[in-house]
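Next come two complexes, and both contain subunit A; in the first it sits with subunit B, in the second with subunit C.
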Partner chain A sequence: MTFAERMLHIDRRIIFLVIGVCTLLPLLYPVGLAIKVSPEVRGVHDYIESLPEGSVFLLSMDFDPASKPELQPQAVALLRHAFKKNLRVIGMTLWVTGTGLADLVVSQAAQEMGKVNGKDYVFLGWSPGVGSLIITMGQDLYKAFPSDYNNQPTRELAVLKGIQTLRDVNYVVSLAAGTAGIESWYVYGKDKYKFELGGGCTGVIAPGLYPLLRSGQINGLIGGLRGAAEYETLIGQKGRAVAGMDAQSATHVAIIMLVILCNVFYLLIRTSRGQSGQPRG
Partner chain B sequence: MIFLRRQLPLLITFVAGVVFAAQYYVPHPTSELMLTEVTKWLQIISGFALVLGVTSLFQIHAVKIRRKEPGWAYSLILYSGILGTIAAGFSYSFTAGQWVNGKETINGIVTAFGWIYSDMMVPLQGTMFAILAFFIASAAYRSFRARSREAALLLIAAIIVMMGRVPLGEMLLPVSGDVTQWILNVLNAAVRRAILIGISLGAVALSLKIIFGMERAYLGGGKD
Partner chain C sequence: MPFETLLGAWVATGLTLFIFTFLYQDNPLFKLAEHLYVGVSVGYTIVKVYDTVIVRLLYEPMVNQGDWSLLVPLGIGMLMLARYFPKIAWLSRIAFAFIVGVGSGLAIPRIISSYILKQVEDTVRPLASLASGGGPTFTYNLLDPASNLNALVLLIGVVSVLFYFFFSIEHTGPVRVAARTGILFLMIAFGAAFGYTVMARMSLLIGRFTDLIEFADPRYGRATLWLLLATVATLIASGARRRDLRSCGTSSSLPSRSTMSSTSCSGTRPA
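Then we have the complex of A and B:
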């Protein structure tokens, strides 16, 4: 076996070790590389920035613990921004497995910014039926959620005063890890009830949402940990996303180097087989 | 019997499909009220579907345990996990002084249900997805080869996008950020839009077939 062939069949634990080191070292010894903000993320930020005090902002945290590393920093950054702007925040989720996580995120962000439950924000929790839930919220919010996650009747909450349906919400942002998510909010929500919609998502599904972004169906898209880091940079409060970018940078470059090496060895094998008259694999 | 199994469901599907397709274009208050009522029913049915799903899961794994099929121990673990979580959700919290009722915290006090969620489910799900990063790197090393011109083009685009999406990549190759933006906003958006339109047209065609009774797979098996 030639050196190139041995390298192509290298034990994958060595690759795991390389990735592990590339993830761990930057977390222990951060570098703090500059983060350039993209127009997609700026779209969400600028819209929230333009909302007057007292506007209604609905944040739908449509993810479960598996997507927590990418989407929780987005949620935290958005909530910090919304609370700083004194918006009325409505939190909820379309994913039953994400309910506890979403409640924790909203409560912690509110506590940090000195906001009061029922007066400045409310967490509605989860209710079954994705499309039917959104439509019910669009028809009558109180029928969809007669009580909030803490069993307080929603009609009596000061934060929901004057809000009857989704038409009364100024801005909805869905942080989605898949289906149900941004597309559900557009198809069943924005198309009929005409509120402004923004999105946040995992890096994997972000490319699939660009048609919605380009056509104006969503006014901004926060994609993955990079998007969360950009948002943290915009609001001037660096958190876990910015801290994670160094590790992500190192890992990306490591994978690129591995792919380039793999192709170099592959080309070497092809060339040597071509020269010796063997079939190229 | 055939009427109840075939004709009646087809009739309900047809009437509901036509009525609610038309409802979208009728802004009259009666139409909106009908939509509100029916979507509330749909939510209730979705809740029952959860119960159905869990019952089905119980049945499948009960058979595995009873017959001691290969992997039946995992079915037992699944059973104990489900039953333990349900019990924790319906239990009484002596610390909080009230029934848990599926809440993770009561007045800031973490319940047993909340402990299962935050100290078992969250780390386990996170671990499952964190492991993926290592396997992706290994798979990329073994299979991401420029075997043809198209594969080489894909490889170059992937490398540019990977560089452009991280600060280190933009620092090493400054143009990668702008090229990545162009790839995502122009090439990617165009192709995804085409795929979305195709899928949507297919969904419209399938929906029409279901409404008009030409597609009957949802009725299940059995004789006509």
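Then we have the complex of A and C:
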């Protein structure tokens, strides 16, 4: 067996180890590579930046703990920005399995920024239906959510004063790990009730959402941990996402190198088999 | 530090390490974490759905506010349960008919508007634009999604991919060229999607490693280090047991008690 053949039959656990080391080392010894902000992330940031104090910002955290590493940093960065701008924040989720996590994210960000539940922000929790829920919110917010996550009647909350339907919301951002998420908010919400919509998503579903961005159906898109790092850079509060970018770059370089090496070894084997008259394959 | 935070850190660290052990080989620790994940997810969902739907959206409005109109959706929902009784199973069709009817009525117009009309509108863009001076101009900036060159690329991509999925005529001559071009566009799209997927998976790994590093701190009782040691020790013990069983002539799976009793350790398989 030649060296190239041995390398192509390498124990896959060695590759796992390489990726693990490439991830761990930059996390322990960060380099601080530069982060360039993309126009799609800037779209969300600039819209929130343009909102006057007291505007209503609805953040729908449509993910569960499986997508926490990508979407929690996005949620934290967006909430910090909204609270810093003194916006009235409404939190909710379309994913029942993400309810506890979403509540934790909102309450921790609010506590950090000195905001009061019921006065500066509210977490509505989860309610069933997705499409019908969004349509009901577009007709009567209090019918969709008679009480918030803490069982407080929503009609009595100061933060919701003057808000009757989704038409009274200035900006909606859905952080989605799949369906239900950004597309549901567009199809059943924005297209009908004409509020402005932005999005954040996991890397896996980001390519499928670019058509919505290009056509103006959403005004910005934060994609994966990289998008979260860009948002953290924009608001000047570097957190977990920025800390992870060195590791992300290192693993990407490692994977690219592995792909190149595999192809080189494969071509070497094909060439040697061709020369010795053996069938290629 | 509150006890529940400390406990949460130890549980999260342990389960993360248990799941990671699958990268080495299948083992009982991985199975434990996997089954816990499924069980906890289902249990959590059942509790949240019961609390939100049955208690908050049905029971409380009916009993506390006297909103008895909710008996109508409750009744339609209850018809679903008729499927468990063969004699009245037909009643569940009423509930299904209601769901399909309302769902289709809500979704079809909205989806046609959002996914077809809006996307077609965005695809059909002018290939030349008017400059400030009044004459037609063509912009070449590939980085600008609104440039005329990108509009041309989009047009070629859409048309060629549609040709690739057009099976009513044989792909020969110009149609073959168009279909081949479509394959190129599809490959680029798949490559982009795969690149994003790799990025997403690496992000998940970074997220778990970040937590493991945080929980290695003395504030958390160095949970990561202690549990890593315990996990490695369990893997070694599990590996040793596997080797023993293999040398006794059994496969990697655990034998039954009767097989064990009839198995000799001479290195031969039992008859």
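Observations on the model:
In this text, the second predicted complex is superposed on the first by the 281 of 281 C-alpha atoms of A that agree within 3 Å, B and C clash if a C-alpha of one lies under 4 Å from a C-alpha of the other, contacts with A are read in each partner's own complex, and residues count from 1 in each chain.
Heads up, the rule we're going with is that a contact is a pair of C-beta atoms (placed from the backbone, for glycine too) under 8 Å apart; a residue touches a chain by one contact, two chains touch by 3 or more.
Here the structure is a predicted model, which means the values were calculated and not measured.
Look at A:153: by the touch rule set out above, it reaches neither subunit B nor subunit C. Of the two partner chains, subunit B and subunit C are each touched by A:226. When the two structures are aligned on the shared chain, A:27 is found in touch with subunit C, with no touch to subunit B. Once the two complexes are laid over each other on the shared chain, residue contacts for A:16 go to subunit B and to subunit C alike. Counted by residues of subunit A touched, the larger count belongs to B, out of subunit B and subunit C. Once the two complexes are overlaid on the shared chain, A:243 sits against subunit C while remaining clear of subunit B. With both structures placed on the common chain, the touch criterion links A:214 to subunit B and to subunit C.
In the superposition on chain A, A:253 makes contact with subunit B only, not with subunit C. Legend: residue contacts after superposition of the two complexes on their common chain; A:126 is shown touching subunit C, with no touch to subunit B. Within the superposed three-chain model, A:69 lies in touch with subunit B and with subunit C [touch as defined at top].
Applying the stated touch rule to the two superposed structures, the overlap between the subunit B and subunit C interfaces on subunit A comprises residues 16, 19-20, 23, 67-69, 96-97, 99-100, 127-128, 131-132, 135, 192, 203, 206-208, 211, 214-215, 224, 226, 248, 251-252, 255.
For subunit A in complex with subunit B, the touching residues are 8, 10, 12, 15-16, 18-20, 23, 33-36, 38-39, 64-69, 96-97, 99-101, 103-104, 127-129, 131-133, 135-136, 139-140, 143-144, 149, 192, 203, 206-208, 210-211, 213-215, 224, 226, 245-246, 248-256, 258-263, 266-267. Looking at the complex, you find that subunit C touches subunit A at residues 23-24, 41, 44-45, 48-49, 52-53, 56-57, 61, 102-103, 106-107, 110-111, 113-115, 118-119, 121-122, 145, 189, 192-193, 196-200, 202-210, 213.
On the subunit B side of its complex with subunit A, the touching residues are 24, 32, 35-36, 39-40, 42-47, 49-50, 103-105, 114, 117-118, 121-123, 125-126, 128-130, 133-134, 136-138, 140-142, 144-146, 155, 158-159, 162-163, 165-172, 177, 181, 184-185, 188-189, 192-193, 196. Contacts from subunit A toward subunit C in the complex involve residues 13, 16, 19-20, 23-24, 27-28, 67-70, 96-97, 99-100, 125-128, 131-132, 135, 146-147, 151, 183, 186-188, 191-192, 202-204, 206-208, 211, 214-217, 223-226, 240, 243-244, 247-248, 251-252, 255.
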